[in-house]
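The two complexes that follow have chain A in common; it is paired with chain B in the first and with chain C in the second.
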Partner chain A sequence: MFGLNAKDTRLLIIVAILTMLAPFILNPFPEGSAMAQFNAGYPDLMQRFVIFGIFAIGFNILFGLTGYLSFGHAAFLGVGSYAAIWMMKLLTMNVIPAIVMGVIVAGLFALVVGYISLRRSGIYFSILTLAFAQMSFALAYSVLTPITGGETGLQPKVLDPRILDGPLAEGATPKANLFGLTMSSSYEMQVGGWLFTFNVGYYIAAIVMLVAFYLAIRLFRSPFGMMLRAVKSNQQRMNYTGLNAKPYTLAAFVISGMYAGLAGGLLVAMDTQVGPERMFWTASGEVVLMTILGGAGTLIGPVLGAGAIKYMENILSKINSDILHTWFAFLPDGLEDLVVTLIYPFIGKGWHLTLGIIFMLVVIFLPGGLVEGGQRIAAWFRGRKAKGSDKDASGTTTEPAE
Partner chain B sequence: MDALLLQFLNGLDKGSAYALIALGLTLIFGTLGVVNFAHGALFMIGAFCAVTLNRILTLSHEVIDETRTDFLGNPLKVDVPYVYDIFGEATGAAIIDWSVPLAILFAIPVMIGVGVAMERGLIRHFYKRPHADQILVTFGLAIVLQEIIKYYYGANPIPTPAPAAFTGSFDFGAMIGFEPNTIIYPYWRLVYFCFAAVIIGAVFAFLQFTTFGMVVRAGMADRETVGLLGIDIDRRFTIMFGMAAAVAGLAGVMYAPITSPNYHMGMDFLVLSFVVVVVGGMGSLPGAVLAGFLLGILESFASMREVLEIVPGLNQIIIYLVAIVILLTRPRGLMGRKGVMEE
Partner chain C sequence: MSKTDVSRRGVLKTSAVAGAGLAVPTIFTAQSAAAFTNEPTGSSVTLGFNVPQTGPYADEGADELRAYELAVEHLNGGGDGGMMNTFSSKALQGNGILGKKVEYVTGDTQTKSDAARASAKSMIEKDGAVMITGGSSSGVAVAVQALCQEAGVIFMAGLTHSNDTTGKDKKANGFRHFFNSYMSGAALAPILAANYGNDRKAYHLTADYNWGYTTEEAVRNSTEALGWDTVAAVKTPLTQTDFSSYIAPVLQSGADVLVLNHYGGNMVNSLTNAVQFGLRDKEVNGKNFEIVVPLYSRLMARGAGANVKGIFGSTNWHWSLPDAGTQAFVKSFGTKYGFPPSQAAHTCYVQALLYADAVERAGSFNPCAVGEALEGFQFDGMGNGPTLYRAADHQCFKDVLVVKGKENPTSEFDLLEIVEITPVSQVTYDASIFGGELGACNPGA
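After this line comes the complex of A and B, so read on.
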């Protein structure tokens, strides 16, 4: 289907079903129950899952295929966001021009940065991209304030021109919409104790994500993707066969930047504001974490990684010591305090510590990320079923399924 | 002229910090071939050594002072640090006042310990892995280290004053024949620069004039041959890692009075230090020092008002701009050697 083989089609369909049913799947606990804080099915977080999923898919096209580790990818996200917000200020609150403009501007910026940075490889490439991103951040923060709004950032104002939109009704605020369908509008469904929220913005972002994911699969399977993999495994040999690697890596860099711009545009479409901190190098580090955590070079890995990190950022960080005490209330008093004291540094404000530890463990023991972990568990189960009768089976199944 | 000299001096202290961190990074890279993203965290831990020693020295117990009373007429309770009991009040107060320089002695064993533990416990397993993996695992380690510090010391900067003798500024211009009050320079920054110069000199002297240093230099040039000669080069490289950690830590200790230590100061410096290392040339120790001072001073010049009127915002981007130009025109950096990280 769609030019994919059976395995990829199955993957795409599973991802599509999961994203479409996400409001159900991510809300497994009834409203008001003790576990309700683990529910991730609220629009704001679900939007972040898919948008950062797009960002990580794009990063993976560069890092996973060519092996070029960019430490400045957040710059493209930021530039895309600024382009999108200016479309909303000048043209219309409709999200389509904003997103399209975000992709185009980020792509052009990536073309410039990539053309220069790709003249070096390895750590030099990482430092160059980092330098460009930090420069963009510093400029957006200071000198470019007329364009970027400086520290406060930008958001659509009532008095902005917006030449395509009619004048706003008295007292109304500009809202991002798709041909009149407001991004923030949701349909809520009450089933028993469960409350499911279906948000317009989420579904638009999810559809865009599916399209982006489909394109990434096609790219991974294409001859072009094969060429990028050749760059990663042995660029010298590729040069000796008479091929110039530069246009391929540059194309990958630009595509990857456009994905970042798409994510930036979508972020603006969901939550109509942008600030320079979106381009800070920690944001670039975050997408690296997402991709590695999920599994660089695999198709679904970056999406999983983005989901895992955003889940931790929003859910784990909300647990405080009172909640821990209620959980462990069944333990004897002294033991309860001990357990809470032991766990406390890893949750709430300390969630970065958990993230750092998990990330280190993944890099050390699971270079293939969560995807490799899943495959190993699956292989182990299969191996137990086969009772060692077919030893080759486990050997073939551990190959990374890209 | 005097304005230029002032900016030059202002650039020295930042340049010293860049040079010290870059020197440690280069030592690690040159010996072990590891790109250490956790080096900024070592700088930060050094700064927190100063904070910790200050806290240890000011540990107090309550004493009822009969001679003074609070507003209700009860005898006043006074916190008396334990050092007062041990060394007497005058010496005790001096010790607390001098806690930052004293922290140098405290930080050296701590940092060597941290460095050796890091190398033996984690980085040793990454020699054969690609550079990207090394960057990633040390990046993760940096996050973990800074979160641990944040947990114990909180997220706010902790002011750590320099000794009273070095607070304030002096008129440097008047001393060398300029108009009085044109070049005012804080004492501590001068101390920092001299300290950095001493440390850098000591590292170079150690490598150049001791047998240990000679073996290390031989190992940097050709690790395998040195190993074949029956020298346990791995152990020496581990010690060099500890030394590099100590250099970063000492840079942090002495930087504590200039910028109050906070948990993310390491990362802020690390990004710049990497740029410094790359500009200086990966694996070149003199290059790292030269580029550190050069970029620190350039940054300082770029923040002059006259420059900012012509090119606004230049001070924010100058370092990165220089890095881009250098990398594109001189791929090996200012003093890089052939064959280092060129794949």
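After this line comes the complex of A and C, so read on.
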């Protein structure tokens, strides 16, 4: 279907089912139970899962295929966000112009940055992109304050022009919408102790993510994608055969920047606010982590990595020592305090530590990322069933990062 | 590029799938029976404490969290009741809020507006928080305030000093107890003129972001009105740690006062550099060279050590104040944690109590009712003397403290001495001067 082979179609369908049923899958524990702390099925986090999934898919097109490690991708996310919020302030609160403009502006910016940065490769390329991103951050933070709102950022205001929208009702605030359907509206379904939330914004972001994922599969399987892989494996050899690699890498860079712009536009559509920290170098580093954690060069890896990191950032960081004490209240007092003291550095504000440890373990033991972990488990199960009758278990080979 | 076969069947199949996909969201429309967002229905009510636990303001955040935990304890009838005994409104009974036990969730703002909004959203959407409070920077306060306005919950700002929070970015659902740049300038200028004379030449070093701009503007306007001259105002990057290259030109400029519009680590470094350069021993235009720090905090004074001695600044509150409210709060905070609270802790504790009191008086958690109870509310006994929550911009008006680094500190907490308590009438301004629109309150749902 859709011009994909059977295996890719299966992957696309699985991803589609998972994203559509996410409100159920991410809320496995009933409301009010001790485990409800680990539920992730609320609109904001679900939106972040798919939006950062798009960001990571785009980054993977550049890094996973061509091997060019961009350390400044957050700049495109930020530029897309600023473009989107200006469309909302000036034109309309409808999300479509905002998202489209986010993609276009980020693409143009990527063209400029890519044209300059791609004159070098390897570490020099990484440093150039990092420099561009930090420059953009500094500009947004202070120099361009009239356009970017500086540290405070930008939000839609009641008094904005919004030339395509009708006047607001008295006392109403401007809300992001798709032809009148507001992004924040949700339908809540109560089933026994469980509460499932179906949010309009999430489903719109999820559909965009599926389209982006589909396009990425097509790109991976196309001759163009093959050319990008060739750049990664041996660029010199390509040059000697008379091929100019630059247009290919530049195209990959721009496409990847447009994906970042799409993610930035969607972030604004779901949560109408932009701040300059979105372009800070740590944000650029985060998408590198997501891609490597999930599995660079694989299709689904970056999405998994994005999900894992956002989950830790939003769920682990909210566990505080009081919650730990309630969990271990059944233990004798001294032991309870000991267990809490042992676990405490890894939760709450220590979630970075946990992330770091997981990242190290993955890079050392699973160089192909979480995807490789999944494949090893699958292979182990298949191996047990077949009892070594055939050795086809590793039919899907991973491509490690570098 | 890839080969594309467009068949009639393929087009039909694809468009059918796409159409079904587009139709999905239209099934879902907003619907809810509750009167407002996160109406508490059980025997408890959840508040969201959103403070920086990592990043440059983690110290302030940790102190804010301690203050909130203390406030929750007092609201639920534990401890010695702290400021609830001195608070002029007696609506709080020590049985929670409206008889519901107070519970809380915490989150990390990381001093980034994106992270702060994500954390606040998860409190609202997942944990059912009916009020969000905390924060230690204006950018975060403005971002979270706007989110709370959209979501239909009350936002009680923590430490935020920029004029914007209740100026051009004010929102009907947001309230600020802390003072602002304008008040700092208005309180500080007369003291500076009285101590240093009316014909001074000032040189400003300003942190290059919104708070720096509003502070510089406020101090400039109020000192120039008293006859001072501003020689130059130089912006310094927020990430700067070594200010030597910015200090050297100060001496050549002919200025005799240096104003450091810096906060946190910035201020600690710039002040240390300035003192190391021997600025304070210099004599320019026949006068002693002086340094001024518009916004002081105890945590910063501790970082700068002996360098703060004799330097003027302003602060929202200080634990050494003699009034009953301050003493009650310092006592219960000290008993629980073993050291006196910072001004960040004070403002957060007061905000939590003010919110709870407003709910009691309104008889409802509805943000619109709570907002109405807070607007124009006059109270006393919270450590700042008689205070007004102005209805026009949701800013508290109260006396401002002008402080000076102590010459002979007796402990690591006793670093500032109060020079003057500037009366509220001197720092009051017209609500419309910063622009912005309060809008209508939003109960959500």
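Everything that follows uses one rule, which is that the second predicted complex is superposed on the first by the 383 of 402 C-alpha atoms of A that agree within 3 Å, B and C clash if a C-alpha of one lies under 4 Å from a C-alpha of the other, contacts with A are read in each partner's own complex, and residues count from 1 in each chain.
Everything that follows uses one rule, which is that contacts are C-beta pairs under 8 Å (C-beta built on N, C-alpha and C of every residue); 3 or more make two chains touch, one makes a residue touch a chain.
The model shown is predicted, which means the values in this text are computed figures rather than measured ones.
Q: According to the stated criteria, A:S70 is in contact with first (chain B), second (chain C), both, or neither; which is it?
A: neither
Q: A:G275 in the overlay: touching chain B, chain C, both, or neither? Say first, second, both or neither.
A: second
Q: Can A:R218 be said to touch chain B (first), chain C (second), both, or neither?
A: A:R218 sits against chain C, while chain B stays out of touch.
Q: Taking the superposition on A as described, I'd like to know which of chain B and chain C A:I116 touches: first, second, both or neither.
A: After superposition on chain A, A:I116 lies in contact with chain B alone.
Q: Is A:S256 touching anything from chain B or chain C once the two structures are fitted on A? First, second, both or neither.
A: Once the two structures are laid over each other on A, A:S256 reaches no partner at all.
Q: In the superposed arrangement, which partner chain does A:N177 touch: chain B (first), chain C (second), both, or neither?
A: Neither partner.
Q: By the touch definition at the top of the document, which applies to A:Y187: first (chain B), second (chain C), both, or neither?
A: Second partner only, chain C.
Q: In the superposed arrangement, does A:V200 touch chain B (first), chain C (second), both or neither?
A: Once the two structures are laid over each other on A, A:V200 reaches chain C alone.
Q: Which partner does A:G356 reach: the first (chain B), the second (chain C), both, or neither?
A: So A:G356 only meets chain B here.
Q: Given the superposition on chain A, which partner contacts more residues in chain A: chain B or chain C?
A: The partner with more contacted residues on chain A is C.
Q: So which bits of chain A does chain B touch that chain C touches too?
A: Of chain A, residues 138, 141-142, 349, 352 contact chain B in one complex and chain C in the other.
Q: In their complex, what parts of chain A are in touch with chain B?
A: Spelled out, the residues of chain A in touch with chain B are 67, 69, 116, 119-124, 126-128, 130-132, 134-135, 138-139, 141-144, 281-282, 285, 288, 292, 345, 349-350, 352-353, 355-357, 359-360, 363-364, 367.
Q: Residues of chain C touching chain A in their complex?
A: Listed in rising order, the residues are 1-2, 4-5, 10, 13-14, 21-22, 24-32, 53-54, 58, 105-108, 112-115, 117-119, 121-122, 125-126, 137-139, 142-143, 146-147, 149-151, 162, 164, 169, 208-211, 213, 235, 237-238, 437, 439-440, 442.
Q: Residue numbers of chain A touching chain C in their complex, please.
A: Per the stated touch rule, the residues are 1-3, 20, 39, 42-45, 48, 138, 141-142, 145, 150-153, 155, 157-159, 170-173, 175, 178, 181-182, 184-188, 197-200, 203-204, 207, 210, 218, 221-224, 271-273, 275, 277-278, 280, 313-314, 317-318, 320, 348-349, 352.
Q: With touch defined as at the start, can you tell me which chain B residues reach chain A in the complex?
A: 35, 122, 125, 131-133, 135-137, 139-144, 147-148, 150-151, 155, 267, 271, 274-275, 278, 282, 312-313, 316-317, 320-321, 323-324, 327-328, 331, 341-343
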